[in-house]
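Below are the structure tokens for one structure; questions will follow.
Labels run A, B, C, D and E following the written order; every chain starts at residue 1.
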Amino acid sequence: MAKIGVFVCWCGSNIAETVDVKRAAETIAKIPGVVYSVDYKYMCSDPGQDMVKNAIKEYNLTGVVVASCSPRMHEKTFRKAASEAGLNPYMLEMANIREHCSWVHDNKEEATQKAIDLIRMMVEKVKRNKPLQNIKIPVTKKALVIGGGVTGIQAALDIAAGGIPVILLEREPSIGGHMSMLDETFPTLDCSQCILTPKMVEVAQNPLVTIMTYSELEKLEGFIGNFKATIKKKARHVNVEECTGCGTCWTKCPTKVTSEFEQGLGIRKAIYIPFPQAIPSRPVIDEANCMKFTQNRCGICAKICPKQCISYDDKEEFIEIEVGSIVVATGYDLMPTSAFGEYGYGKYPDVVTSLQFERMVCASGPTLGDLQRPSDKKKPKTVVFIQCVGSRDPEHHKAYCSKICCMYTAKQTMLYRHKVHDGNAYVFYIDIRSNGKNYEEFLRRAQEENKAQYIRGRVSMVYQDGPDLVVEGADTLTNSQVRIRADLVVLATAMVSPIGVKELAQKLGIGYDQHGFLTEAHPKLRPVESATAGIFLAGCAISPRDIPDSVSEASGAAAKVLGMLSKDELEKEGVVAIVRECSCTGCQNCIRVCPFTAIALKDIRDKAGNLIRQVANVNPGLCTGCGTCTPTCPSRSIDLQGFTDEEIFAEINAMAELH
Amino acid sequence: MKEIIEKAKELLSQGTVDLVIGYEQCGDKQCRPLFVQKPEEADKLVFNEFCVHNLATYLTRPEVKQTKRVAIVAKGCDIRAIVNLIIENQSTREHVYIIGMNCPGVVSGKAPNPTKPHTKCQTCKVRTPQMSDVTLGPTPPESIPMDKTITHPDVEELKKKTREEKWAFWREQLSKCIRCYACRQACPMCYCNRCIVDLNTPQWIDTRSNLRGNLDWNIVRAYHLSGRCIDCGECERVCPANIPLMLLNRTLQEEVKEKFDFESGYDLEACPPLTVFEKDDHENFIR
Amino acid sequence: MAELIINRDKLTQLLHEIAGGETEVFAPVLKEEATYITKISQDTPIHYDFFISVNSVKEAIFPRYEPILKYKIDQEGVKLEDIPPMKPIVLFGGHPCDAASLMVMEKLFGWDYNDHFYQDRRNKTIVITLACNEFDKDCFCTSLGYSPHGEVGSDIVLESISKEAWKAKAVTDRGKEFIEKHNTYFAASDKPDASFKTIGDKDIPVGFDKDAVKPWIKENFESEEWQKLTSKCWSCAACTYVCPTCHCFDITDDASMWSGLRTKNWDACTMPIFTLHASQHNPREAYYQRYRQRIAHKYSYYVDLFKVISCTGCGRCSRVCGAGMNILEILTRISSLAKKGGK
Amino acid sequence: MNYAYYPGCSLESTSPDFNISTEALIEFLSLDIPEVDDWVCCGASSLHPEDKLASLALPALTIESAEKQKRDIMVQCPACYAHLRESQEALTHEGTMQDNLKEAIGREISAKLKIKHFSEILMQEIGLEALQAKVTKPLKDIKIANYYGCVIVRPQELMQYDDPEDPQLMDKLVNITGAESVSWPFKTKCCGAGNSISKTEVTLDMTYQILSMAKKNGADAISVLCPLCHINLDFRQPQIERRYKEKFNLPVFYYTQLLGLAFGLDPKKLALDRLFVSPFPLLKSKGILS
Amino acid sequence: MEEKWEPTIIAFVCNWCTYAGADLAGTSRFKYAPNVRIIKTPCTGRIDPMFILSALERGADGVIVSGCHPNDCHYNEGNFNARRKYIMFRALLTQLGVDLDRVTFAWCSASEGIKFAGLVTEVTDRIRKMGPYTEFKQLNQDAR
């Protein structure tokens, strides 16, 4: 038989003024099962809490109802007190007679009646409550960072700095990401390679960081603290341990391929390192272009390798790793330019993307920094930069702003003027967004010192007229049509989510928006967390960002990882779903509706090991206690502890007079 | 008829399956389910317009699940139930050998004098069964003319009623329910081994056959079948109280079709519509 | 006693008049093409042109559910409330198999515990039976020693003399009293309609040897035959609830904050939950086990206790079964196995 | 193939040469394409900024007429094409406009028919190979700048004609005549027709750009599929030449005329004599006509 | 003295939006009708149609179901799942002739204290005009 104690709080006059707390306590005392019912001025005060503790001990209470303010205020306080007195904290419930009653009603009689009802409902619930235990989850003290760009590198470094081993996963042959392709960075104009390369070296040399390049996540199982990731290591055909990166192979390789790293403006070999500072500085064979693979001939690299590191028979490998936490920093891609017929990209060689322009001006680029336009190697005298190519264009492309284009375009006009002092740089823009530290000042320098000419308006078409490109557009400030003859046109194309990120998100069980950007658990208050516990997000994987933001987020995510992995066990509330296996049919309804993939099928076998049937099985580590599963179960074989059918039914029934 | 018998014999004697579930004649205008485990027992198998039962309901029983493989004589509409059972993890495509029957339509109404064509057959899309392992019987005619003499009040008629008329109608109908659960037991989609009505902590549904219990029971059954009912009409046929149960089920399936563009039992990859959602699901009542 | 005649109109008038008073009247009513014996009011049309009702007459005396305890809670505590006393009943429209079933069932309710809910009603009930004019393939009262014109359990038996009229025969004193009390509705014997044909005992063939069934069941509880006979059964309670002799019930409490009600509800051994233990173990887990229980109880266990078979051959369970189970067929098979000494 | 021909007002009035050459092709190819019964003006140019409902209701009448004929619609003028398409969209998509249209017309229209430009029909339903086989007089050594104009390709979602930046459909048709389609950037640039009455100088400038770009890219002649483009490029060419003091002498053909020539049809039947910039010197110089 | 009848309204709300919204109504001292009794659940996804049915049978004259606006669900999708359930449940009750004016669905966020207060008052007024929900209460009678 339940022994319930009820504690009605005055909250000074906050409650007592509108609710007759004495009458409430007396009335409630008559409910069968209530053995102690009392009112007190401030239940949350130390003496008030002591009353609860003493009553629990003295009356051997099996459940407690504190009728006072919203549980948001003091549920933790009172549950802790209950726990200290030896009562399971989940056997304490609060009836909200302040926010939901005394503060919103004037009539004392009505408010008192309502308070009594609210308390009675809670009494009936707590009678049915079951003691719950917080869920303790052991933690694998190891992290996985997906994406080896500057964001991933920073996250890995910060996690390692906390003493936690990290695996840094990169699908390309080298870490470095897009930042390694940039020339100089805004607003400081420091050389991108110069600031990134030391970080790349640092991460490579950190004993706690394991870099896995040319590798992708194949599968993820498990849950917070206990993930099991299967990594696919693509066949590199080069023994990374033995190889010294001497370069003999790629020097001798006869097959030339356009370089992805150089954005199609340069050449690499079929066996190659993507760029000189690559880490690891070990080559990889591009199976799609290597003659050994396409025509089964050549084989020069294997013959000349001084250390016999080349193996054409390498197969992709699958490696299982266990990690406690994951940071997703998969970065971005530029929008495919084939979408912009009006700008003639692909048709006119001198229409290039902003990333191509970076390579064209970069000292380590294909022309070693000598700016030449692709068609005739001429130094461009007039360059037109077009912003918002694909961004802020909800009718045709992406509705969002790609955030960094304004600034890098300003930077590129400066880089251009540094190369061509008398050159003309025109920028077509919609609005200028320069909201970062020193950004506006930087932009002004581009306009004022470097004479970049900003034209507010859209470009309608770019066409070839003889050797020149003609850019036609509108200047909406002067309300006139402009026609500019240019040598080079640079498109600031939209940042989009990279290919394969949706599939990755599905493997991870995290959300993504219609553009393929990953969804934060809360856009403001939990910006580096995914909705799946233990998986964190950083950088452009979430939406367009610049380098400082990406790096800060990397550190933010790393702090989250470290916070999580600093404990030996994770503890979470005991409000999780539970399956009654005897009546579960394994129909998968709950599995389908669970927003957190916390439910999976479990095989029930007989002693001989034969499969008898399948039932749902809740992973308490993943379950967040939303309870969406429960009403979906036709046989009510899954219930949410803490909010069970029986408990809620009791609350409803507490109002009822049936017969 | 001969081809079913031959097929059953072949499947059993070759060991492809160890049970064939089909129909046998048990009166002039009456058939009933038949379980055949040995080739020599197969001679009783028949198929005709009196084979109304949806045999898929037997697929979820333990003893049938434990067979190595089971063959089932199934009309196109019955296969819809099998599809749902597979989707809902109650069976597998590999375990069931579907002897699909070309079906010109079956009768409705109670034995021993079921003469009217079944309503469901008039709108049937699967007279030639889908997904069967073997299809038997002559190709059914393209269309069967609508019979205007269907007696049970159809969905449109119900919808035309005022709210008060509807309430009065269902009060009257549901007061007849004796809670024998024949509807549930005959239904291929009601496979729970512990029905919600059999739970008592809490007792959501009164087990008494009073109006409250009857209303709750029938609401819950219809709700659980929404987006899953495959319109076989077995519940209505077996109801000893003659409650027009399909009226409710059909109304809900129409709603599912209209609101979620979904018809159950045609696609093995589909999810039951109440287990998924679209972010722009349309409603006009939430404020 | 002189033979008395009553015709349809008079009978209808009589029943309606009684229904207008304090007595509950049960009579056949047509609902959606099927006939049910239900409680009527003074203006409910009574349906006479039927062969046999879907439900049995037991509902009148052993209702689907009935309150047996009622309470209210208030500030002072729990207060029991009265259950209203039983009203007298006139039960019209059953056939001899129905009437006979009352004799079978009353043994159970007066056995180890005197169930006054049942007994009170039974004692206040006048049973007016319609002797049979038709039968179908599912009828087998003769196999159990009953007759389509039998009088067991009836207070008054009405034998058709034409489509519109019956010869009334009082079987018990209470029947006699009833007729006397309402003698204005009855007329003295007219010339019977010679053309009217009815059926005799011999028309309904004896399908099996009722005495052979019990020994076979006792010896062949584990026989594989059970599975073969009952594999189709899908374990609903339709057969049980239309059966005039099935009598299992369940007691449930329906409690709310301020009130509660305990009721006696029909239950059925054919349903899976019937024997489900709290441990989740179910001794009758398989479908055949449950149907076996139904037959074994009727033809063996009940006989052991009360020396009477708990079945009167009405055939309702066969007619109502959606899966095509046929009790006559099963009993015939058992009886023939028993004759052959088969398992 | 079951089309009815909707010429529209332009082809009836200002551009009979387009109409005549179209009918010549229909006849030559033995196509069963009668005119739409009782067709009405599509309301182009003037109506749609003034009264949206009326501008959709007018084409709806023509659609209804074709529907009664149980034929799909073949159309030549891009403006007519656009308005028919737009009206069809409104008629087939639930919404207030659909309701208003039905109310305005007072009859049910399903509008579930095909509406196609003649060039699309030639391309998709007759096929390049079949057309190629009929060429008897290849137009050798002529370079053609195919000028589509702005209307036929935009908005792409509605018209679904071809790539709005670099369409190829007419190029391919012209190529089978034996002429060479030049690659040039102004295929879908606007000719300024909307301003031709109110701000003629704007139109003249825009058309001048097109003519000079065609010339710059080596074109001997221009091929068009829009009657309004034709007016600007052909009829106004002498005016432009005077204004900008530059000689173009670029004959402007309808693509139907070029096809007809290659099929060996009589130049008169193709209404070549109606062109303002006479094509005969060019055709003679290339030995196509004597 | 004759007691004036007052309706009983049971509100099923989610913890994160509407319960918090009701808290906000409290801290903002927005007054509303005292007839509502709130039952807290974690998410609208947890709110079973059976709750509504039970509440109406067990004495509620009106029911409110409220949770986070679409896309605002604390658990991302609980309210989307719930919405589908309600769509079907309502369709079912409509065909049964249940008076749907008795059941009010709303989205009410943690910041919409004023909306919550208004909702409760509006529903209470409406139900008060409609009178006690006898249709469902009659179902409990034990008439044979």
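The definition used in the following text is that a contact is a pair of C-beta atoms (placed from the backbone, for glycine too) under 8 Å apart; a residue touches a chain by one contact, two chains touch by 3 or more.
Remember, predicted model here, so these are calculated numbers, not experimental data.
Farthest from chain C, judged by the mean position of CA atoms in each chain, is D.
A count of contacting C-beta pairs for B-C and for A-B identifies B-C as the more extensively joined pair. If you average the Cα atoms of chain C and of chain E, the two centres end up 46 Å apart. Note on chain placement: the centre of chain D and the centre of chain E lie 63 Å apart, centres being C-alpha means.
For the pair chain B and chain D, the distance between mean C-alpha positions equals 59 Å. One simple way to say how far apart two chains are is to compare their mean CA positions; for chain A and chain D this gives 52 Å. Contact with two or more other chains is made by residues 582, 593, 632, 645, 649, 653, 655-659 of chain A.
Residue positions 49-50, 54, 57-59, 77, 81, 85, 140, 142 of chain E each touch two or more of the other chains. Chain C has residues 254, 256, 261 in contact with two or more other chains. Chain contact summary for the complex, chain E toward chain B: residues 49-50, 53-54, 57, 70-71, 77, 80-81, 83-100, 104-107, 119, 135, 138-142.
By the touch rule above, chain D contacts chain A in their complex via residues 163-166, 185-186, 189, 213, 216. Every residue of chain A that touches chain D in the complex is listed here, in rising order: 341-342, 344, 347, 461, 463-466. Across the complex, chain A is touched by residues 65, 88-90, 191-196, 199, 201-202, 204, 224, 271-272, 274-276 of chain B. Residues 26-27, 30-35, 53, 57-58, 61-63, 110-112, 151, 176, 178-186, 193-195, 198, 200, 203, 206-210, 234, 237-238, 240-242 of chain B touch chain C in their complex.
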